Amino acid sequence: MNNILNEIGIENYIFLSVLLFCIGVFGVLYRRNAIIVFMSIEIMLNAVNLLFVAFSTYHQDAEGQVFVFFSMAVAAAEVAVGLAILVSVYRNLGSIDIDNLKNLKG
Amino acid sequence: MQVLITIVSLGVFCLLAEIFNLRKLLVPVTVIGLLAILGISLNLWAIDPSMDEKYASMIAVDSFSNAFSSLFIILTIFLVALSGDFYKENQTKISDFIAIKVFLLSGAVAMVSFANLSMFFLGIEVLSIALYVLAASRRLDVKSNEAGMKYFLMGSFASGIILFGICLIYGATGYFDLAAIKDLSSGAGLPIWFPIGITLMIIGMLFKIAAAPFHFWAPDVYEGSPAMTTATMSTLAKVVAMAALYKILSSMTSSLTPTFEMVIVVVSILSMTIGNIMALRQDNVKRMLAFSGISHAGFMLMAILSLSTAASTLLYYTAAYALAGIASFAVIIYITRNKDNEATANFNGLGKTNPLLAAVLTASLLSMAGIPIFSGFFAKFMLFTDTIKSGYLFLVIIGVINSIISVGYYFKLILAMYTKEAAEEKQAVPFVYYFVAVVSILLNILIGIHPSLVTNLLN
Amino acid sequence: METNLALVLLLSPFVGFLFNVFFGKKVSRNVSGAIGTLTVVVSFLLSICFFAQLNQNGKPFEISLFDWIQVSNFKLDFGILLDQLSLLWLLFVTGIGSLIHLYSISYMHDDENMHKFFAYLNLFVFFMITLVVGSNLLVMFIGWEGVGLCSYLLIGFWYKNQPYNDAAKKAFIMNRIGDLGFLIGMFIIAALFSTLNYSELRTAVSAGNENTVMLGVAALCLFIGACGKSAQLPLYTWLPDAMAGPTPVSALIHAATMVTAGIFMVTRMNFLFDITPDVQNIIAIVGAATALVAASIGLLQNDIKKVLAYSTVSQLGLMFLALGLGAYTVAVFHVITHAFFKACLFLGSGSVIHGLHGEQDMRKMGGLRKAMPITFWTMMISTLAIAGIFPFAGFWSKDEILMVAFEHNKVLWVVASIASIMTAFYMFRLMYLTFFKEFRGTEEQKHHLHESPSLITIPLVILAVLAVIGGAINLPGSMWLNHFLEPILAAKHEAHHLGQQEFMLMGIALAGAIVGIIWANAKYIKGGFVPKEDSQIVGFNKTIYNKYYVDEFYTFLIVKPINGLANFFRTTLEPALGKVVYSFGSLANGLGTQGKKLHNGNIGLYLFAFVIGVCAIITYLFITTKTVQ
Amino acid sequence: MDVTTLLLLLLVGAIATFFAGDKLASKVALVFSLGALGLSLYLLNLLNQGTNIGFTGSWIANPKVALAFKADGLSMAMVLLTTALTPLIIFSSFGNSFTNAKNFYALVLFMSFAMTGTFLAADGLLYYIFWELALIPIYFIALIWGNGDAEERKKAVVKFFIYTLGGSLFMLIAFAYLYSKAGSFLLEDLYKLDLKANEECWIFLAFFLAYAIKIPIIPFHTWQAKVYQKAPTVGTMLLSGIMLKMGLYSVIRWQLPIAPSAAKTYMPVLIGLSIAGVIYGSIVALRQKDLKKLLAYSSLAHVGLIAAGCYTLTLDGLSGAVSQMIAHGFVIVGLFFAAEVIFRRYETRTIADLGGIRSQTPKFTSMFMILVLASVALPGTFNFVGEFTVLYSLSQVNIWFAVLGGTTIILGAYYMLKMFQDVMLGETNSKVFADVTTNEAITFVVIIAFLLFFGLYPKPIVDLVTPSLNEILEVINK
Amino acid sequence: MSPILITFYFLAAITLATAFLTIYSKNPIHSAIYLVLCFFSIAGHYLLFNAQFLAIVHIIVYSGAIVVLFLFTIMLMNLNKEDEVHKPRITRLGAIVVFILTSIVLVTIFINSKTIMGEYDTSGEDFQSIKKLGNILLNEYMVPFEFASILLLVAMIGVVLLSKKEKTEKK
């Protein structure tokens, strides 16, 4: 089987991942809607996952993909917990605007 | 490995206890269980080692992990012991709380005994998720929600960065296995991805230990979380993250580059200074301790600068810090349990109404300030000695100046206890608070008088 | 045996002191006074014994009692030296001391704190003896400071009166200025010779080859010490103020004994001063100047004791003049005669004051001659003596001073002579204002005028007798004192052959004194002049009356600035220094307050900082530094 | 039998006092402190017989810290000062009643323990630990049982604590640095260390900061007056009587021999600074309105002179300094006690409110007077011996130092007599001044007897400390 | 340009564009839909690497579970509105600056890094079939695999804890 990276090149995947990651970061910073922020974090995680797979192919090694499973489990767990927190915030504050979370400061 | 398994089993037991309606027994049984695990951890060499070999590629038990695991277990024992009273209003959830704490411990143990980055990552996630939940656990309290939300957002952001770091390390080496990575790292020819990966992981860990400039979450989260959670975060979680940080660096790199050391130095200085200066003007005790924790993170980072030799110093420092933290939180939790805030004013006159608790809190604060005979002093001193040996005298001087500043806010609390008039009458204190407070501060003093008890563990 | 006796001699007044401190209140006043007096008399008698012995065998008695202070290069012991000089001093200190104690029994009889008075007085005698008999400078220093202390205690004896306390304090502090000089002088000497013992010093100094500049400094420092104790320019101002104390104190301490300590010390250290002529010159000039200044102030004082005080200062100045000219015997001679007549004068004035129930202003006296004949006559004799009228004691001693001065330096002689004339004038002014003419006090006082009781008059008489015959110890012919002191003042031959010049000088001196007397007589008897009220004194007279404003000058120059400095330090510098320390704290606190704005709860900001931090670290590590790979 | 017994006794005393209950606390504390005094006298006897009463044991393996106590003449002199003053101070407080007396007296004994340890420790870290330990009890004593406005007191005490702690921490750095060079904290190893000139310099300065604040030498004295004023008299006595001497002792024991060439380089500056302190303290004292503050500044002046003596690096300077330390310890305790005696009766320390006491209580007046005179170093008191020797040593260095330092005898007399006059003399005060009680009188008499006896016969003390001072000088001049 | 490369660029463009639109859309529902598209495109990348199993799991977990969870939440909160107030301009500007900065920094360091020349390894062995993955996951990685279950258990307990009402709570 041919290594697909011979055609594309690992650098391209790195740049793609980095850009995706940066978009995720940008989203976190840019939006005040907590749900979108969560999504941005998911995008970040996915960027990393993509890179894992790329490296896995690069090394011709399955461990990278195995790690992606764990990463997915973590992402799922985080989303679950995060949304639970989000719901309870929404119940108490009636808003999920993270800029409204300013009770704690100083 | 046995430790991890037994801890997880204990966690599952806690969940089952709910089903069998054993709530009353839960706390004592968990404490006893943890004590048993502590015994295992301390005597690990005595137990059949062959069992471990099977898992050696994932969990590597050595004196470092053993020592730190034992410390974590001790801290958890205290935290669980306090939980019984703290959650007595939440009887239906108590088993969940305790189970989460026990699982949190398992994550902590995984973080110091990992031999593979996957274990590390899962460990840190177990720890973090447990903490997100605990931070937000007072579901009707806006502050608790906010704390949970902030912690979650920033924590998962940091997780992303750590994951990115792991990914790059994998990309550079092709391994998740620590030993293999270390082998490769000592040779030349690794792509630049590797140092970037390490750096990103370290940054993620700096976030977890709340070092400046990644510390912003800490004060808010500490303040908003229920006191019990704050105690967990400021003692257990910080110590775990620090130990893991140390382990990452020491087990994946052969030596630090001077530029990287410079980064650590700057972060350390920033953390110490920001932590201490910010703590000066805090009225909320938990927030103050958050900043104090930030400054201690700065101190602990000094240990990184003498990477090959500082393990025992770090263990000692973390033990001293965490024990003092537990003792002070035992008092703080008691004082603030029926209050809606944690203002310093709540401590007014404690010296008269409850001299013992006041003395314990004083002692623990003195220990954190680094006054002799309390172990905090030796901790700082050993750290300074190591750092001077590594050639960072100016860092030590800044550290000392920071120690001086820190006295200012620790004493604010002490002053409140001893010079102000109490607002309320003396109340009966559940025995467990006394127990935890006194035992932890005695342990603190014990290792202060006899530091070799701890330092010998890693020599 | 001798040691024990010497110890008894030394400690006897101390025993009296202890007795009066611990039991004085419990026993009756007379007992307290008697014990106080007796202990001094014991010392006096023992002094006589030692004196007699010394006269017989001529060997000074020296013992070391115990080691005291030890420094690296030498050891100081607590030693007693009874030689010619110290015995001479002992004799008149304890002798006059006994008389004054006796006098005080009566004089202080009405004071509720009489036992305390005797305690202090005994303590004083004890310290004075210590000063005199010490075998090294440091032991002298004990006595030196000790007498200063007693002087302080006694001047402030009536402690309810704050001006008196001020005077006491002033005396102590002025003395201490001198003491510092003494100390420094001692240090230099100790550094040079590694000893402070007199006899060892004498050998060492005469061996020569020492750093004469330092020796000069040392001598000068010692002289500063003497200035303080003996009230010389510029440290004399405490002495007139010291008249706040009870009169016997003035007599004992501030006329006869303590103030002569400076002269004693200079005489003791004569071998040192002899080889530092520059210092000697300074001493002579200071002495002469003091004599003149004090005498001129004395001209216009109205307080009977103040007049005597300035007279004392002036006489001390004359003595220092003699010392400065190397005529130690002459100075000592004058010390002794002065002790007699000045003590007599003070006691006499005390008698007057006693008779007038505390009145000291001469403007309110007058005509007391009849009421107090013994007092009058004894005082008259002493006045004649101090004025230098032949053949009273003062004549001989003062005359010798003038002669010495004439020999060395005519200017000094003129100055001294003027001072003598003034002395004669103001002393007679005192006598005239006090005892002649009509009584100017209140009727009630007049009614109670009476001669003092015999306990007061007996010492007066004895002293008056001594004032008459005291000159005998060193009459130009016999020069007994000269011979007696020869071992101390080796190689000093001051015996004056009575030649024409000497007689002429005597004549001039005598004439001068008489001029002064006549002048006084003309003004106060013939002219019937009574000094004006304070407010009416104008012009230069006012300046003199106000003692040339020296006190004010000192206040302005030293006390005010120091107090101002103290105020400045207290109110400004101290808080400022404190603020410097606090400012670090304030800075940290201020930063903390500012930092609170940074931690504004905005999660966006937090993440922002996070990302910036990541970028910064990555940039620093991998872009700006090319060290990595 | 060695010095650890003494330390244990004091520690046990502190604990026993704590458990004795409020009523018995003062008595138990007194018994233990007297026991400590007896024991230290016995140890002194052993020392004089040539027995080694020091102790060396291991404590921490890494970093290598030994449990080493050295008891030579110098240490024993300071220990005796501590153990002699402690019972005196405790006894002097019998006239006061304290809330929570058991805590109070336990803290006093604990502080005594820590100070004794400081004087005995021969291992740098151990010494440092005792040094810091002594700070905690006095902090609480001043804070909780102090007087005056609570806010101001807090401010003063906290400043004191932070300030002194700050100074000491630099000393800790110096020790850490020394350790990195010597590999041990033992005194003898540190003595042997051969440091580069600039290293020595920095170490010297680090030590200096710690000691200058503790002693205090101007301009590091700003904590002193307020704390003295605000602390309860027992605390003030402990501070001024013993704790200041910790700094001075440390100069002799640690600072000078460890960094001798730096000491020699800086000698003129240090002496100058110390003497400036003498003059400054005296002048500030002149216009103080509060009795305790005045005494505080007098203390500043006196310790300045002692410090100057220490920095002369001569035997005379050192032995004079030690004598003066002991003498000052006693006299200042006596003076503060006098202030307390007055306060017990008049409830004020403002000088302007006092006066006219002498006529009411001759006994007290005499004793106060003697203390005042001792404080101005009248010959015959022990203070004179010390001051004389120190000034003499200064004159050996430079005569001007002696002249300037000697101004203390003038200025000292000025402010002390002024104070005495304002406080005691004058028209009889309208308020009744009860005569001193027997207990109070005993305290005074003991102090006075001590001062007078050693004033005339200082030989035992000088002989005690001279050999050890010579040893130290040998190290300095090696 | 090989078809594979074209496919890559195409997929990459979609990935980045949808990711950006996820963030940029005002309506959360739209965001979620763009997110799903983004995930699908990433799955396309996986397929490109011949990691079919992973691609499917990816779709199931992310699109099937996570995004659905997002959508549920959005609907639960009735966020189907474009009512989000924009952050203050300075913040947005800052975000953009940081975005650009981060991108530049990260891209720069990777450009600086040693480019890999020549052929990539081709082991020729199967390394990413389901069988292989299963083997690794349940042998070598058994401990983390089990531990991941703990993670999920903790998350589960946590969510229960966060949403369970107390008996004593009054609501």
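Letters A, B, C, D and E mark the chains in the order given here, with residues in each chain numbered from 1 onward.
By our rule, contacts are C-beta pairs under 8 Å (C-beta built on N, C-alpha and C of every residue); 3 or more make two chains touch, one makes a residue touch a chain.
Since the structure is predicted, the reported quantities are computational estimates derived from the model, not experimental observations.
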(message) Taking contact as defined at the start, I'd like the list of chains shared as neighbours by subunit A and subunit D.
(response) B, C
(request) Show which chains lie in contact with subunit B and also with subunit D. (result) C
(message) Relative to subunit D, which chain's C-alpha centre is the most remote?
(response) E
(request) Tell me, please, which chain's centre (mean of its C-alpha atoms) is farthest from the centre of subunit B? (result) C
(request) Check A-E against A-C and say which one is joined by more contacting C-beta pairs. (result) A-E
(request) From the Cα centroids, identify the chain that ends up most central relative to all protein Cα atoms. (result) D
(request) Would you mind pulling out the distance in Å between where the CA atoms of subunit B average out and where those of subunit E do? (result) 31
(message) As a quick test, compute the distance in whole Å between the mean CA positions of subunit D and subunit E.
(response) 70
(message) Between subunit C and subunit D, what distance separates the C-alpha centroids? Give it in angstrom.
(response) 36
(message) Counting only Cα atoms for the centres, state how far subunit A is from subunit B in Å.
(response) 27
(message) If I count partner chains per residue in subunit B, which residues reach a count of at least 2?
(response) 118, 122, 125, 129, 132-133, 136, 139-140, 149-150, 153, 157, 192, 196, 219-220, 282, 408
(message) By the touch rule stated above, which residues of subunit E touch at least two different other chains?
(response) 87, 91, 94-95, 98, 102, 106, 109-110, 112, 114, 116, 141, 144, 148, 151, 154-155, 158-159, 162-163
(request) Identify all positions of subunit C at which a residue touches two or more other chains, and write them in rising order. (result) 585, 596, 599, 601, 603-604, 607-608, 611-612, 614, 618, 622, 629
(request) By the touch definition up top, name every chain pair that qualifies. (result) A-B, A-C, A-E, B-C, B-D, B-E, C-D, C-E
(message) So in the complex, the part of subunit C that touches subunit D is made up of which residues?
(response) 21, 25, 66-72, 78, 116, 138, 141-142, 144-146, 149, 152, 156, 159-160, 162, 165-166, 168-169, 172-173, 176-177, 179-180, 183-184, 187-188, 190-191, 217, 562-563, 565-567, 569-570, 574, 577-578, 580-582, 585
(request) Provide the residue numbers of subunit B that touch subunit C in the complex, in ascending order. (result) 149-150, 153-154, 157-158, 161, 192, 195-196, 199-200, 203, 207, 213-214, 216-217, 219-220, 257-260, 262-263, 274, 276-282, 405, 408
(message) For a test of understanding, state which residues of subunit E touch subunit A in their complex under the given definition.
(response) 2, 4-5, 8, 12, 15-16, 19-20, 22-23, 28, 31-32, 35, 38-39, 42, 45-46, 48-51, 54, 57-58, 61-62, 65-66, 69-70, 73-74, 76-77, 79, 84-87, 91-92, 94-96, 98-99, 102-103, 106-107, 110, 115-116, 119-125, 127-128, 132-133, 136-137, 141, 144, 148, 151-152, 154-156, 158-159, 162-163
(message) Under the definition above, what is the set of subunit E residues touching subunit B in their complex?
(response) 109-110, 112-114, 116, 140-144, 147-148, 150-151, 153-155, 157-164, 166-169
(message) Taking the touch rule as given, give the residues of subunit B at its contact with subunit D in the complex, in rising order.
(response) 312, 351, 355, 366, 371-373, 377-378, 381-382, 384-385, 388-389, 393, 396-397, 400-401, 403-404, 407-408, 411, 415, 418-419, 450-452, 455-456, 459
